[in-house]
Every structure is written in structure tokens, then in C-alpha cells.
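Both complexes shown next keep chain A, but they swap its partner, so chain B is in the first and chain C is in the second.
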Partner chain A sequence: MLRYPYFPGCTLRAKAKGFDASALASARALGVELQELENWQCCGATFPLQADNSFPLVSPGRTLAAARKKGDKLITLCSACYNVLKRTNHVFRTHRDRRDKVNAFIEEEYTGDLEVMHFLEVLRDDVGFEALARKVRISLHDLAVAPYYGCLLLRPPKELRFDDAEAPRIMEDFLLALGCKVIDHPYKIECCGSYVALEAGDLATSASRLVVESARSRGARMIVTSCPLCQYNLDVAQRGTAGANGRGLPVIYFTQLLAMALELPEEVLYFHGHVIPPGPLLRSIEVRGSESIA
Partner chain B sequence: MRAGVFVCWCGLNIGGVVDVPKVIEEISSCPGVVRAVDYRYMCSDPGQQLIRDVIREARLDGVVIAACSPGMHESTFRAVAGSAGANPFRCEIANIREQCSWPHQDEPGEATRKAVELIRAAIEKVRGDEALLALSIPVTRRALVIGAGIAGMQAALDIADAGCEVVLVERLPFIGGHMAQLSETFPTLDCSQCILTPKTSEVGRHTRIKLLVNSEVEGVSGYVGNFTVKIRKRAAYVNWDICTGCGACTEKCPARVRSGFERGLATEPAISIAFPQAVPHKPVIRPDACRHFTRARCGVCEKVCPVGAIDFGQQDTLVEEKVGAIVVATGYELHPKAKVGEYGYGTYPDVIDGLEFERLNSASGPTQGAIRRPSDGKVPKEVVFIQCVGSRDQENGYPYCSKICCMYTAKHARLYKHKVPDGQPYVFYMDVRAGGKGYEEFVQHAMEKEGVLYLRGRVSRVFQDGDSLVVFGVDTLSGKKVEIRADMVVLATAIVPSSGAKELARLLKTSTDEYGFFSEAHPKLRPVESLTRGIYIAGCAQAPKDIPETVTQAGSAAAKVLALLSAQEISHSPIVAAVDEELCSGCGLCVEACAYEARTLDLRRRVAVVNDVLCEGCGACAVACPNGATRQKNMARGQVISMIDAMMG
Partner chain C sequence: MRLSRDAISSEDKRKLRDISGEQVQSCYQCGKCSAGCAMTGMMDLLPHQVIRLLQLGQVQEALASRTIWLCASCLACSTRCPRGVSLPSVMESLRVTFLRPGGRHLDPVSIPADVLENAPEQALVAGLRKYT
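And now, the complex of A and B:
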């Protein structure tokens, strides 16, 4: 069993419980123990762009320093946490003066030598997509799924080095391992509207609708993401439109699809509060999937 | 010592900051200084005459020029000193412009003090300088040109026409380079083949050009005037001495392979001649595709060859050539499309680059000049051209401008419009850079007379949708997002140096910039000379440039080569390393320290020696020598220490 320090982040203990629970259960089933950091606090939510204000680095800095004492990698799930922690780590590695300042404040001597990893990278590099494919119990080969990366997983590419920022493959390869039919679409790395949703809802809705429409028009029946804010925006943007006549696309976390494919108990999925509920679609697949395996 | 100090005002460049009269006053009292003079422009004719007059009148045996950087005018002033009877190597420069007045513009008092210190140090240097004599080296009156594109061919022709023998080496089996692939050329739209083939055939039959195609330079030793070059002539598996170029073999060959000349848009036989007008008109077998090599059976070409020229057992041969000068004309390649994920992941067949478009448009190309897209052969009705793909892109590509893309994109759009009059070309651009005779007019014609739609902005993504390509862009002049459903997309990808450029630079012991373009000795005043003497640069090996500029530069490089080869002997700076054999223990550290292979061990006498003509006077060995046996002439330890003392005191 591989063991890694794990940072869930606030949203995964509130609105995105299913993301957390499905990931932990799936990881365990695949031989990876995600060990939650003790007394973790907010990742900082957004990476501060002011070069002369290091205070917003305090919270993620504390997390990184704590994780380093538990191992040399830190696993994250939420795209926003991944982005903030990895970029903060980059500051620790490359800006000596800012590192010293934050370390002095948090009373640590952290140097930036931790690897901040996304769970998708663990699946690709430690579990391996081929090995994952062999562990799938319910094949999802009928399910047309559109991957949605959004911005935070990929950008800025020189700091995150997650995948080719213009032509990423990791989610596609993951979905192929689960047996899904992957729907490529041009908006998979465009912005969902992000926090604009709070101030100018219409603007965010129109951005999100472009994403959903680009996936739907190419035959997708579902969208997967790794960002709670993307999940919310893409789902809510469908309120009162396509959802009403049954053509809506459920938006779920990639780990929820993973848990289903591994045939884990339904309790880990926590589907609730969806504008477009994924239940009906997934149940129909599940039944057919089991039959095809049997 | 009878030294003279000459302080230049450089107009206001120095005089506007440094208090020159005060400098003169302070320097006049330095021991050994018999005259201190200032002048507004010391490098001008009257300035130079002033120096000569003072040297003669005051019988000076040491000269200090306080002016601009030695890189700029050291050789000028040394020649002036020499012409007045002083030893040129006892003339030193104190750089009071780049290292004083320019960086200290806001602190004139301090600048004046620093100028005095710099001059004092230079006076100390002159005091210790030996009166050296320039070394002379014999010259081999032949030249090597590496690369036979338009740059290399032009240089070779110019040198050969002037009477010197040229060895012209080309990596590919034919000459002509990228220009052979082009359809028409801007700004006159004359056919590239038509202006190129007279040159290729002239090169092919020139009695003073020794053409080595399918060959690469593997080793270079020696120095200016006396290079020895090792060239690998790769096996063609065809005996070219008896081959008549009839082409029977290429017609019967059963194996097909993607054609590099056609940029992968067509296939060719495993034994082939790249294109009908190729010089030399002889076939080459590609062993990676030939069935004789891959499956150990076939031999069809061998059977059909009427003269028995096929030779599967042919081996590479090594040729050694002695030359006095080398011209590097290795040309360019295009930034690979696959690296531009946002414009098609390198996978969409109808996203092509500029050279592929040239082949589509070429009468001898895969479509006989009809504009048909690669995927299904359909005539594209909407074509989007994207400029600056990889160029001017500090994040994901290269910061430099590839220079020719604005013009060739305008040309492509116009040629497309000529062949598909009902089609619509769009051009996404950042700026249109059309500096050149007839260039701006050419672009304006595309915009105003030919209906090419220019959109100022970038494209964020190209996406395959059904059988068309959707282009997401922005028009920054109207401030609107643009979405175009196109049938074909042409990328003006960045120009990058040929593969192997950096390795070749290492063989030649000269340098490239960070991208692999060969560095010129001076960007303005010595643009065709490399940093290594006797090695010259022409064409895109140095930086992106178009055909007219390439031809100009090649001619200029040829003129430099001819100037070198026209002398019986050439002189070499005597500022080289020297060894005190009494002190030398033969440890060999200097041999390791030398980047020019100028240091060797004399094993019999167990001392290190210096090959004066290879020594560039960098001083690395003098620093490495643990017991002070190696010293740099006119940069002795005592001399440097007294310079420092003069500055501090």
C-alpha cells in the first residue's frame, strides 16, 4: 500500500463531499492510502498575484511545511487547491526572500522540496492507467464523456507542469482506462466563468454554457471535472434550459466515475444538489455495464 | 617611457558627462606621460592625424587612447600608432564611454574621477607592454562552403568566379536548399525554380567548384588560412560515376516512403531523385525503406539499371580537404507543428505549414500546383493563415521575429486567390512587417485589390469539427471575437536553425546564440564574419532572412573570403600566451584549459608549448598555470597588479 499525505481542502468537506469520499475509497481500492494532514487549514483559495505581499502565502505555506514532515509528496484533488499549493511551492523554491519572510512568520524552515501532486498524476504514474483498466469492474464503454480541465489544473504551465497546457491528455487517458468513449471538444480548457459567478452571474453562465454546448453538440452525455467551482458553474448554467427537457449533461467529479467503475458502494458518491442529476444516466449505464460483464 | 594620452570627447557622449579638461590636467602629471591631448572626435580623420603628429613630434613610444570600447576602435588606433612609427601593441584603450560616461550620466563628478583612474591603469599597462611584432601565417587558397542552399551556392559561385577553388558540401543528395521547394517568390511572384535552376546547374558544372552532396562535415582542425576538414560522403548505394540518371530504377522500385522534399504530402520510391531538376540528377537509396535492406530481398533496381550502377555494398567514404577559409551556410528549418498543440495538436491533416503550402502550390508538387487540402483533396474555400506561430512568443516559442512570414503569407494568400477566385483567405497577424523594396506595396495589393481579409489579432485555438476546422480568434481592431469555419489552416511557423547547427559550431570552434543561429563578430560592422577568424556566415544560418538579403550576405561573405585568400600571408595578433620553460613542470593543466587546441605538451622535453597561430590570447591557460610559467604577453601578472595599484592609488 502506497501512503501519501493528502490535503482535502474546504470545499471537499462541504459542497463536494462526494469528490473527497469517492477519491479516498477509490484510492484504497487501488492500493493507495491518502492520509489526511492533521489540522489543515484553507489553501488560500486563490494564488496572490501581488509580488510585494507575501501574507496570502502564509496559509498554503503552513500546509506545505506540515506536509513535508509527513512525506515528500502532497496529494490534492481540488484544482484550486492544487493550483495555489503548487504555485506557492514554486515561490518557496525560486524566491529566497519571500520564502524566508513566510518561514519567519510561520516559524518553519521549509525549502520547497515537496512535490505537490494531483490525484490524477497518482493514477497515471503510481497506479498506471493500464493497471487501472484491469481493475475496472463495471465497464463504461457506452458512456460518452467529455473531459473538462478548466484553467487551474493547467495554468500557468511553467509553474504547474501538469500536462501540455494547450493539448492535455491525462483526463482523456484516464477516461479511456475506465472504458468510456471520450468526447474531445474545443472548450475543454476554456474558463467556466469562475468567481465571476458571484458578481455577474450572467457572464459566468454564458461562459459555462459555451463549454456545456461544445460538449453536448459533439455527443457527450456527461462532463467530468476536478474543480468544485467548475462543477458548480457548469451544472448551474444548465438551470432552466436543457435540463428542463431532459437533454442536460450531468457534471460530476472524475473520482465519482472512478468509484462507479470500481463498483464501490453508492454511499461514497454523494450525488446531491445537482441541477442535472447524474443518477438516471449512471443507473442505466451501471445496469447495462454489469450485464455486459456478466 | 614616453607616453602620450589622447582623450576623446565623443561629441557629448563623453564630454557631456566627464570633465575632460580636468582629466587632462590630472593625467599630465602622471610619471612617463609627456603629452596629454583632447579632441572632439578622436576617431575622425583630423583626430587620427592629431595622434600621428603628436607621436612624431614628441617621439612617443607608448600611446593611451581614452575613448570608446576597444571592441569598437582598438584596431583603428593601433594602426594609427603604427603608421606614426610607434609600436601598435604599445597602444592601449581606456574605455571611458561604455564603462564610464554612459553608465554614470547622473554623477559627472564621480565619472570624471573614474575616467582618470581608468586612464591611469591604461598608462601602467602601456608601461609594461612589450613592443611585439605581428605574426604571419601562410594561406591555402581554397574555400569550403557548408550548405548548398541559395546562400551557399551564391557564396561558392562568387568565390569560384573570382578564381579560387571551392569545396561545396551539402547534407542532402541535391543542391538548392529550401528555395527548390518554393513555388513563387515575393514580391515579384516569379517562379522560384526558374530563378534557381540556372544557378544550380552553374554550380554543378563549374570547374572550380568541387561538389560533395549527401555529405557532412565531421571534423575541422587547423586555423585561419590552414584548415583541414574531414567530410563524410554517405553511401548512395548507387555508383554515380557510371549512373546516367535515366530514372529507370525509380520507376520500378516497389517500396514507397514519405518524401521529405514534399514535406510528407506525397510519397516517393525508396530509390529516388528528389525532383526533376535536381542537381546532381542522380538517385539515392534510402536504406530505411529499401526492401533490399529491410527485408533482404528485392533488387529490382539492380535488375533494371542499364549500366549496372546499383551498388548495395557501397560504404561511406571519408574525404579530407585543405582550405584557407570556411563559409557556414547551413540554413533553417521550421518550428515543428506538433509543438503547437492549440493549433491542431500536430494531428489535423489540414493544418499545414508554410513550406507545405509551397509544395501544394508548386507546379511540380504533389497536386501539380492545384490548391487541394491534404485530408480529402477538396479545394478549400475558406483558408485561414496564422502568422507568428512560435515567433515573437516568449512564453511558448522564440522571442525573435522570423522576418519572412509577413511577406510569404501575403504571397500565399494572393496565390491562393489566383487559383481559387471564389475562395476567401483570412490572415491573422500581429503587425505586418513589410520593410523592403516593393514589399509594403505587395501586402497592400493583397489587402486592397485581391480581397485578402487581414485580421489583427491572435488565434487561440483551431479545432476539427466534422470535415472543417473551426478557428477561434480575435480581431483587436473591432474588439470582437471571431470564429471562422475553415477548410484549411496554414501556420507561419517560426524559423529555427538547421538541426546540427550547434554541433557544427562546436566543430568549427565558433559560437551560436541561444537558439543555435551562428553569431556574427559584430551585428552591424562585421555581419558576415564569425567570432572565429577565417570562418564566415551567410543566409539563415545567422538569422532568419529572405532571398534577396541572403544573396547579398552570401556575396559579402564571398568578398571577405576572397580578401583573405588574396594574400600570400596573413597576420595574426602577437598577443598570445608564452611559456617560461625554466618554470614549466609539464603538468598539462594549460592544455586542458585551452579552448582553441593551441596548447600541447612537448613530451620529449616535458614542457608545455604554445601554437601561436591557434592562440586567441584569451588568457585561460595563464590563469590555470599553477607556477606562473605561462604568461599572457602584454598582460603579465606584474602589469595587472600595477594597473590595479594605479586605480586604487
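And now, the complex of A and C:
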């Protein structure tokens, strides 16, 4: 069993419980134990784009210093936590002054020698997509799924080094391992509107509708993401439109699809509050999957 | 618009550079940032026009623009910028010029009830950090 320190973040213990629970259960089934850090704090949800202000690095800095005492990797699921923690770690590695300032405040001597990893990277590099494919119990081979990366997993590419910033592949490879039909689409790395949903809801909705339409027009029946804010924006953008005539695309976390493919109990999925509920589509797959295995 | 040498090398402009860490003079106005921006639908100025105003020292005009509050910090522009300018950092320097002295762009009370109810915690934390 591989064991890694794990940072859930605020949303995964509240609105995105299904993301957390499905990931923890799937990881266990694949021989990986994600060990939650003690007394973790919110990462801040957005990386501060201010060269003269290190205060917002205090909270993610504490998390990094605490994780380093537990291991040499820190695993995240939420794209925002991944982005903030990895970028903060980059500051610790490359900006001596800012590192010293934050360390003095939190009374640590952390140097940035931790690897902040996304759970998708653990699946690819430690579990392996081929090994994952062998553990799939419910075949999803008829399910046409569009991956959606959004921005926080990929940018800025020089710091995150997660995947190719313009043509990423990791979610596609993951979906292929589950046996899905992967739907490529040009808006998979476009912004969903992010927090602008609070200030100008209509603008976020129109940005998100472009993403959903780009996936739907190429034949997708579902979208997967690793960001709770993308999940929310893409889902609510479909309110009153496609959903009403049964053409809506459910937007779920990649780990929920993983847990289904591994035939884990439904309790770990926590599908809740979706404008386009994923249940009907997934149940039809599940029935077909069991039949095809039988 | 009245241009002057004083405006082009003003104190306000220097402050923005200190906050953002970015050199707006590097921009040669190719427009790639605006071409790839997902949020231009409601912007009164296109992203490259904000940079142009700052190059010319028109800080107050840039501060008055709706555009700075509609940037979602998605970094599509800075990833593609051939001159290495991080426009989202410039937008943030403009926002915090208003916010740091106590300005509040978004009143939390104005957030619609269904958004408060359903939006993920991450959205509320990120939004309130960008707007208040």
C-alpha cells in the first residue's frame, strides 16, 4: 500500500463531498492510502498575483511545511488547491526573500523540497493507467465523455508542469483506461468563468455554455472535471436550456467515474444538487456494464 | 486624452509595477491576449487596451474600467503572450489599488441567494478575495 499525505481543502469537505469520498475509496481499491493532514487550513482558493504581498502565502505555506514532515509528496484533488499549493511551493523554491518572510511568520524552515502532486498524476505515475485498466469492473465503453481541464490544472505551465498547456492528454489517457469513448473538443482548456460567477453571473454562464456546447456538438454525453468551481459553472450554465429538453450533459468529478468503474458502493458518489443529474445516464451504463460482464 | 511625459512615468504607474512585478512597456500590442480571452463579452475595454492605457500612463482610466473586475485570472493570455507579460497580474494590481485602502467592489449581500446556496466554497473564498 502506497501512503501519501493528502490535502482535501474546504470544498471537498462541504459541497464536493463526492469528489473526496470517491477519490479516497478509489485510491484504497487501487492500493493507495491518502492520509489527511492534521489541522489543515484553507489554501486561500486563489493564488495571489501580487509580487509585493506575501501574506496570502502564509496559509498554504503552513500546509506545505506540515506536509513535508509527513513525506516528500503532497496529494491534492481540487484543481484550485493544486494550483495554489504548487505555486506557493514554487515561491518557496525560487524567491529567497519571500520564503524567509513566510517562514519567519510561521516559525518554520521549509525550503520547498516537497512535490505537490495531483491525484491524476498518482494514477498515471504510481498506479499506472495500464494497471488501472485491468482493475476496471464495470465497462464504460459506450460512454462518450469529454474531459474538461479548465485553467487551474494547466496554467502557468512553467510552474505547474502538469501537462502540455495547449494540448493536454492526462485526462484522455485516464478515460481511455476506464474504457470510455473520449470526446476531444476545442474548449477543454478554456476558462469557465471562475469566480466571476459571483460578480457577473451571465458572463460566466456564457463562457461555460461555450464549453458545454463544444463538448455536446462533438457527441459527448458527459463532462468530467477536477475543479469544483468548473463543475458548478458548467452545470448551472445548463439551467433552463438543454436540461429542460433532456439534452443536458451531466458534469461530474473524474473520481466519481473512477469509483463507478471500480464498482465501489454508491454511497461514495454523493451525487447531489446537480442541475443535470448524472443518475439516469450512469444507471443505464451500469446496467449495460453488468450485462456485458455477465 | 491628454498625454504627457509626467503621466507616462508617473508614481501611480510605478506602484502598479511594484505590485504586479510586470513591465507593461514590454507589450507590443499584438492583441493575442484579447483574442484568446474567454471573458471579453461584457468588457468595456479589451485586455490589450488596458495595457495600452497603462503604457500611456492613463491609470485612472484603467481603474475605472469594468474589465479589471471581469478578468477571471485564468492565465490563458499570459501563457500565450510573446512578450512574457502577465496581464492577470497587471489586472490584479489595478484591483488591489482600489481594494487595499478599504474599497469593496462586491457587497456579499448582493450575491444572489441561489449562488450562495449552491456555489462551492472555493468560489466564495476566491471571489471575496478578488472583490473585497
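In the analysis below, the second predicted complex is superposed on the first by the 294 of 294 C-alpha atoms of A that agree within 3 Å, B and C clash if a C-alpha of one lies under 4 Å from a C-alpha of the other, contacts with A are read in each partner's own complex, and residues count from 1 in each chain.
To be clear about the criterion, contacts are C-beta pairs under 8 Å (C-beta built on N, C-alpha and C of every residue); 3 or more make two chains touch, one makes a residue touch a chain.
Note that this is a predicted model, so its numbers are computed, not measured.
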Exercise for the section: Using the superposition described at the top, determine whether chain B or chain C touches more residues of chain A. Expected result: C
Practice task
Kindly classify A:273 by the partners it touches after superposition: chain B alone (first), chain C alone (second), both, or neither?
Solution key: second
Practice task
For A:164, select first, second, both or neither according to whether it touches chain B, chain C, the two together, or no partner.
Solution key: first
Practice task
Look at A:186 in the shared chain and tell me whether it touches chain B only, chain C only, both, or neither; answer first, second, both or neither.
Solution key: first
Exercise for the section: In the overlay, answer first, second, both or neither for which of chain B and chain C A:39 touches. Expected result: neither
Exercise for the section: Enumerate the residues of chain A that count as touching chain B in its complex and touching chain C in the other. Expected result: 165
Practice task
Note which residues of chain A are touching chain B in the complex, please.
Solution key: 158, 164-167, 185-186, 218
Fill in the blank from the handout: Listed in rising order, chain C residues that touch chain A in their complex are 18-21, 38-39, 41-42, 69-70, 72-76, 78-79, 86, 88-89, 91-93, 96, 105-106, 111-112, 115, 118-131
Exercise for the section: Quick one: which bits of chain B touch chain A in the complex? Just the residue numbers, please. Expected result: 340-342, 345, 395-396, 461, 463, 465, 470, 472
Handout entry: List of chain A residues in touch with chain C within their complex
Key = 9-11, 14-16, 42, 44-46, 48-53, 56, 78, 80, 150-151, 154-157, 165, 189-191, 193-204, 206-207, 210, 227-229, 231-232, 236, 273
